Amino acid sequence: MPIVRIDLSNTHSAEVVQAIGDVIYDAMVSVASVPADDRFQIVSRHADDELIYPRQGYLGVTYTKSIVFIQVTWNAGRTIEVKQGFYRAVADGIHARTGIRKEDVWISLVDVNRVDWSFGNGEMQYAPPP
Amino acid sequence: MPIVRIDLSNTHSAEVVQAIGDVIYDAMVSVASVPADDRFQIVSRHADDELIYPRQGYLGVTYTKSIVFIQVTWNAGRTIEVKQGFYRAVADGIHARTGIRKEDVWISLVDVNRVDWSFGNGEMQYAPPP
Amino acid sequence: MPIVRIDLSNTHSAEVVQAIGDVIYDAMVSVASVPADDRFQIVSRHADDELIYPRQGYLGVTYTKSIVFIQVTWNAGRTIEVKQGFYRAVADGIHARTGIRKEDVWISLVDVNRVDWSFGNGEMQYAPPP
């Protein structure tokens, strides 16, 4: 159910891209109660001038061209603690697996509802019982 | 008002891309009370490793490289039945027009409010009456 | 905190793309109480057939291939008047800086919550006080 948009530099290797996707999925399952196999991710590679961040940083965090923008749309209901744990697991995991700075891991969440998904076949798989 | 993001393989032909956009628009107008001419769609073509789905499938649905991710941002207020009808119309229509498997039609909805749009000119066209 | 997606034709120059990003950021800070340096923007350039708009226009507004789709995800709480002022400032500014028609400036907003962001480092920088 989550759909994850990953926007990053076209200079990242295919292996790094793959590792980032793996880490996000693993964090969802282990920290945020996302079901196994519920992995849907869209990667977009960008030229340098297409990923814009403040040169002087924001809130004490600084960024480089290696910045990874992650935007997750998923079902509402997760607690603040779960979201915090998810942020931590994603940043820690990406850093551990790829060497990308934890500061360059940027995450945005969008909460929606269970009826807002079709996982194929034209069906609303999470429809409420009639 | 809906803005539709369509993310799909760069191996789909221009004709298939056009047909997918047509089907989504037709389904919106016929099933989901979207006004005529309210058609705004952003297509992004992707390399194979940029569209990630579970190899073993999810909830009994399996996917191929032909997967089409559709994310619709539109106004809140549509019923479950309307959303179900929309999913069905999009999957059926894409399959009928392009031969893409219905299982490969993946849809995410994001509900927003009437004041969250400017259709050009710097105006809030759906502003409430003063 | 806002994340801004800017989707536009690959025929726009790098200077125009830069100016559009500048204008959106300036409008956020001056009109919509976005903090200084809170500038995060993702640009995606598109082929002609990837940006779809109604040929006959919508609500009296007509569009050209120069259309700029702007989708902003930011925190809920802004008033209708602020959103109206933001639309106006973005369209006016883009027109003044680039010559793009104000009709071709298309904006979608998505409201989320303060806990829905990590600006890097795996932290929830806007976490509520414990």
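We just call them A, B and C in the order they show up, numbering each chain from 1.
The rule is short, and it goes like this: contacts are C-beta pairs under 8 Å (C-beta built on N, C-alpha and C of every residue); 3 or more make two chains touch, one makes a residue touch a chain.
All of these numbers come straight from a predicted model, not from anything done at the bench.
At the chain A-chain C interface, residue numbers used by both copies make up under half of all numbers present, so the two copies contact each other through mostly different positions. Relative orientation of chain A with respect to chain B corresponds to a rotation of 120°, obtained by superposing CA atoms and rounded to a multiple of 5. One finds 21 Å separating the Cα centroids of chain A and chain C. Residue positions of chain C touching 2 or more other chains, listed in rising order: 44, 110. Put simply, chain B touches chain A in their complex at residues 7, 44, 46-47, 49-54, 56-59, 61, 63, 69, 71, 80, 83-84, 87-92, 102-111.
Taken in their complex, chain C has these residues touching chain A: 3, 14, 17-18, 21, 35, 37-45, 73, 110, 112-113, 115-125, 127-128.
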